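Next up, some structures in structure tokens.
Across the two complexes that follow, chain A remains constant while its partner is chain B and subsequently chain C.
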Partner chain A sequence: MTEVSARFSNVHKRFGDVDALSGLELSIPRGSVVALLGRNGAGKSTALRCLVGLERPDSGQLSVVGHEPLTLDVPMRQRIGYLSEDGVPFPFATADKLIRFCAPLYPHWSGALEQQILSRFQIDPRRKLRDLSLGQRRAVGLLLAVCPQPELLILDEPAANLDALVRREFLDIVLGLVGDDDARRTVIFSSHILSDVERIADRVAILHHGRLLIERPLDELKEQVRRLRLMFAGAPPERLELSGLLSLRRAGHEMRATVIGYDDDAIEDLAVDLHARVEVQQLGLEELFIDLVDDGDSAAAAAAI
Partner chain B sequence: MELVRRDRPSLWKTVALILRARDEDSPAARALVVIVATLSVLLIMLLALARLGSPLAGGALRFFFMACASTFLTPLVVGLEAHRTRALNFLRVLPQPVATKWLFLLPGCAGGGAIALLSLALLPIPAALALLGCGCWAAAVGHAFAGRRVAMVVLVGWTLSFLPILATFVLYPMLGWNCAAAAALAFGVVGCLAAPRDRLMPLVSGSSHRAAACGTPSVPPSQELFARPGRGRARWTALRVFRLTAAAFPERPRQKVFGFLPMMIGLATFGTIMAWILPVLAMMTMMSLAIIAGSRLALAMSPAVVDFMSTRPVKRGSWMRGAILPWILLAAVVPCTALLRAGTAETMWRSELAQLAYPAATIRAALTPEPGERGARPQESIAVSPALRRLQIAQIGRMSILQLALFAGCAAAGLAERRGRRRDKWIAYGLVMVSMALMIGCWFPTPHRAWGPGPLWLVWLAAASCAWAFVRELRVVQQPSRRTRVDSRPRLPLRDRAR
Partner chain C sequence: MFLAVDPSSGLPVYRQIMDQVRRMIVAGRLAPGDRLPSIRELATTLQINPLTVGKAYGELEREGSVEMRRGLGMFVRAARTIPRSVRSDRERVPAGVAEGARRFVLEAAQAGLDRAEAIKQIDNAWRDLLMLDRSRSMGRAR
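Then we have the complex of A and B:
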């Protein structure tokens, strides 16, 4: 049985009249690097904040490293690293002061990793955060999250607004942390930069309107998801009920369906059943993401999977 | 042409845009506005009272009061300009009905004009000119120290700004008003000529030393800093939490004045010593400490700091002891000391008799000559009677309660504002204003005025309301389910957002 690092079971969270999470179901296996994708307002940050106990879900169940997030005690918290999207809120503190504060709180603080990050980003620990560049400030936040060598690392848009070089450095550090196979560390991060996701994630979860649209290993997702261009001689059918349908669009006599789990034989059968000519397109992660979230029907279609 | 005119926002829209600009540090900025407004109202009221012949009616005393107040306020008002820098930077790229610099200059000019008119009405001409000199010098110092280091602003800036008053204070008794006015005006002229007028606009455009620092390559870290002693076990966690959360200043350099820890500790020490020697006087001057401590508590428990601390392996007790308790102690140290010393005869400064805010009839009775004596007894000859002592205790107790209420109200307002809870914020600000009004009522020499400190039940009601607001906001902080995040403002319906 797969060991689970974090689990959302039918989690709901509402802010005023906005549903941030609407019955989120997601399990994150231990040792995986999971990317949470979604549009702005899809619920990624709320999901991560619920996971570290910063938000209390309205209903549903959550577990992180086997415990309920709101009741985590000090030893449990030592097993979790978290970097919020706002970074570190102490502009007048020096990096050194922050490190001196955090390091004694964790039993496995890595001085080597700390040195590596400081020198890699050329951070002078005696300077105040406000005097550092944006990339350096984010790096200090990353340092505070990864140096405890946590069992579960949660990063909320760690590389937002950073240049390509700094992003690459960030990813290398995260990859270095998860490279240790024995430790079986889990990383959950949210991002809008799909090239980064393709580089480090081994699983992808796409959220839309607070729901999970799809969650699969990245390779499996790229292999199994296809876009079918269905060309009909006459008018296309009003409804198209397919198993594994992720999104559907109509344009004249054509329909574009993004589906999962269809091999060549299944596609041939589909063409025969629908009396349509079918063109198959393999999708990259970016196209897949856009197909899934830039369609009002996708949520309903995903519910039918 | 018409198109261009339509694109331009009106002056009122521009001003509204500036006022609505939400920055991280807006609670303290608004608290500052409240303080400045209150002190200004107080100043005007005192001037009006002085006109009617109160004990402050002496010309020199009137001048020094006005000069000290305007010198204290002017650098703060100049400092307020920098609080809206983001909004003003944004406005610089829009077609404006007025030049951006006037958005800076107009409020200050209006305030200066009002003070000038008042001084001309209430002071002799040389004294009014001396006041003008003091004001110009203070404004120049305010501009010169804009964006400087905190220590410079507090220790050097404010000290320098009081120089012309000191000169006037020395010269006036010896050489008269004319010489004193000449000296103060000389300070003013020098200040105006030497003021770095080009300094403020670069500040607005963001080219401060910070930006320069960000652009320069970082100094490689020295190796010795990597050695971290005492990794094994976290000790003194509450103290370290306090040190860290006390550094959670907002981004704006001007507000560092209010977060300057050594300054606050110095102020608290000074207040405590004063409270030990002269309790009533200490209670009248320590209002600022309560306001600052309340605002600092709100900063130490702001959402970003709470997020940071609650995801670290820190015990909740240590966290609360480090982030909340020191500010409560700071606000309570002066009232508690004053209460300890209240009612001891040796602490009763004779002139305090006139400042005790209890019914004028009681004071009159205390000062009424014994049967057979001629005229009122001089204050020095009055022994502090048990009745007066009780009144002193009541007065100090009342002010202590109001100080703590002020602290709680400011903290509640700051906490509510930082969590985007608008209704609670305005309720808390209302309670702060009520507490301040009651406290100001306690300041007045009531033997001569009908305006007293207000009924005791009102004091208790204000204090209880402030305490309730404070506890309520703290409970919100501690319960994730009740936090309202700033980014949870109403958004478009889901369907529209998907498109």
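Then we have the complex of A and C:
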């Protein structure tokens, strides 16, 4: 049985008349590095905030390290690290003051990691946070999330607005934490930077309109998802009923279908059945993401898998 | 060891690692008894998730190309234990290089390079590869 680090069951959350989460189902296995993807407003931040107890869901069940987030006691909270989208509050505090305030709250605080991050980002801990660069401020936020050496690390857009070099450093630090086999740490992070995701995530979950569109190991997505360019002699059919159809677009005599779970033989058979010529394309994560979230109809198709 | 991956490719990263390690084994660039970098080392140099490297090594071990020696690391196995399917790639490796060269020459010609300029590109790329490899081994020694 796979141990579950976090789980959403039919979670709903509404802000005013906006549904941020509408029946989110997602389970995060322990020891995995899961990237949460989705367009702006897809519900990523709300989902993560619910996990750490910063939002109370309207309905549904949540569990994190085996418990309901709002009932976590101190020792359980010490097992979770979190970097919010907005980073660190207290702009007038010095980095040192903030770190010395947080460190004693955690029994497994790593002083070595703290030093490593401060020196890597050349942060003078005597300076106030508001006087640090954006990258350095985010690094302090990351430091506060990773130095407790948490069992579950939750990062909301850790790399947004950072330059490529700083992002590399961030990835290194997160990978360093994951590399410890025995600890089997879990990382959940949201990101729009798909090239980073492809480096460090082993699973990918795509949210769309507050629901889960698809959740798979990244390798499986790349191995099993294909974009088919179907070329018809006459007009393409009105409808295409296919199992594993993720998205469908039509242009003149062509259809572009993104499908999951078809091997070469199955694709050949499909083309013969449809009396169409077919070109097959393997997709990187970026193309796959765009195919999946680009049109509203695909959401229903993918939910059916 | 010359290894480079393209995480944005449609080919999963663990498959890229497997293909490249196999190619080096088949071509003799990795000999039986050679040690592969540790999972952690390779994940750090390539800046990828250690789980991905672990998966590639696991698959290579399962097919019999490499073996885990407890506490010592991952080693290339004796030639006879390497599966026929991998060994039979021997002819395909030079063919793959030739194919890559044809693609490169085509692209260079289309871009308007002459022969000397194209060769210069290869020289530069070759030097970059050696430098990358050297900086990695220095990184390890540190």
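As a working rule, the second predicted complex is superposed on the first by the 305 of 305 C-alpha atoms of A that agree within 3 Å, B and C clash if a C-alpha of one lies under 4 Å from a C-alpha of the other, contacts with A are read in each partner's own complex, and residues count from 1 in each chain.
Here is the rule we go by: a contact is a pair of C-beta atoms (placed from the backbone, for glycine too) under 8 Å apart; a residue touches a chain by one contact, two chains touch by 3 or more.
Small disclaimer: the values here were computed from a predicted structure and weren't measured.
**Student:** Which term applies to chain B and chain C once both are placed on chain A by superposition, clash or fit?
**Tutor:** Verdict on chain A: chain B and chain C fit.
**Student:** Which of the two partners, first being chain B and second being chain C, lies in contact with A:130: first, second, both, or neither?
**Tutor:** A:130: touches chain B, not chain C.
**Student:** Return first, second, both or neither, reflecting whether A:18 touches chain B, chain C, both chains, or no partner chain.
**Tutor:** first
**Student:** Angle at chain A, chain B to chain C, CA centres, as a multiple of 10°?
**Tutor:** So the angle at the centre of chain A is 130 degrees.
**Student:** Report for A:118: first if it touches chain B alone, second if chain C alone, otherwise both or neither.
**Tutor:** In the superposed model, A:118 contacts chain B only, not chain C.
**Student:** Name the chain, either chain B or chain C, that contacts more residues of chain A.
**Tutor:** B
**Student:** May I ask you to decide whether A:89 touches chain B, chain C, both, or neither, giving the answer as first, second, both or neither?
**Tutor:** After superposing on A, A:89 lies in contact with chain B but is clear of chain C.
**Student:** Pick one for A:41: touches chain B only (first), chain C only (second), both, or neither.
**Tutor:** first
**Student:** May I ask you to decide whether A:53 touches chain B, chain C, both, or neither, giving the answer as first, second, both or neither?
**Tutor:** Only chain B is touched by A:53; chain C is not.
**Student:** Please work out how little space separates the C-alpha atoms of chain B and chain C at their nearest point after superposition, in whole Å.
**Tutor:** Here the least C-alpha separation of chain B and chain C stands at 22 Å.
**Student:** List the residues of chain A that touch chain B in one complex and chain C in the other.
**Tutor:** Of chain A, no residue contacts chain B in one complex and chain C in the other.
**Student:** Of all residues in chain A, which touch chain C in the complex?
**Tutor:** 31-33, 168, 171-172, 175, 178-179, 181, 194-195, 198-202, 218-219, 222-223, 281-286
**Student:** Hey, which residues of chain C end up touching chain A in the complex?
**Tutor:** On the chain C side, the touching residues are 7-15, 39-40, 43-44, 47-52, 55.
**Student:** Could you list, by residue number, the parts of chain A that touch chain B in their complex?
**Tutor:** 15-20, 39, 41, 49, 52-56, 58, 70, 74-75, 77-78, 80, 82, 84, 86, 88-93, 96-106, 109, 111, 114-115, 118-119, 122-127, 130-133, 136, 208-209, 293-296
**Student:** Which residues of chain B touch chain A once you look at their complex with the stated criterion?
**Tutor:** Answer in residue numbers: 210, 213-214, 217-222, 225-226, 228, 230-235, 237, 240, 243-244, 247-251, 256, 259, 302, 304-305, 307-308, 310-315, 479-481, 483-485, 488, 490-491, 494-495, 497-499.
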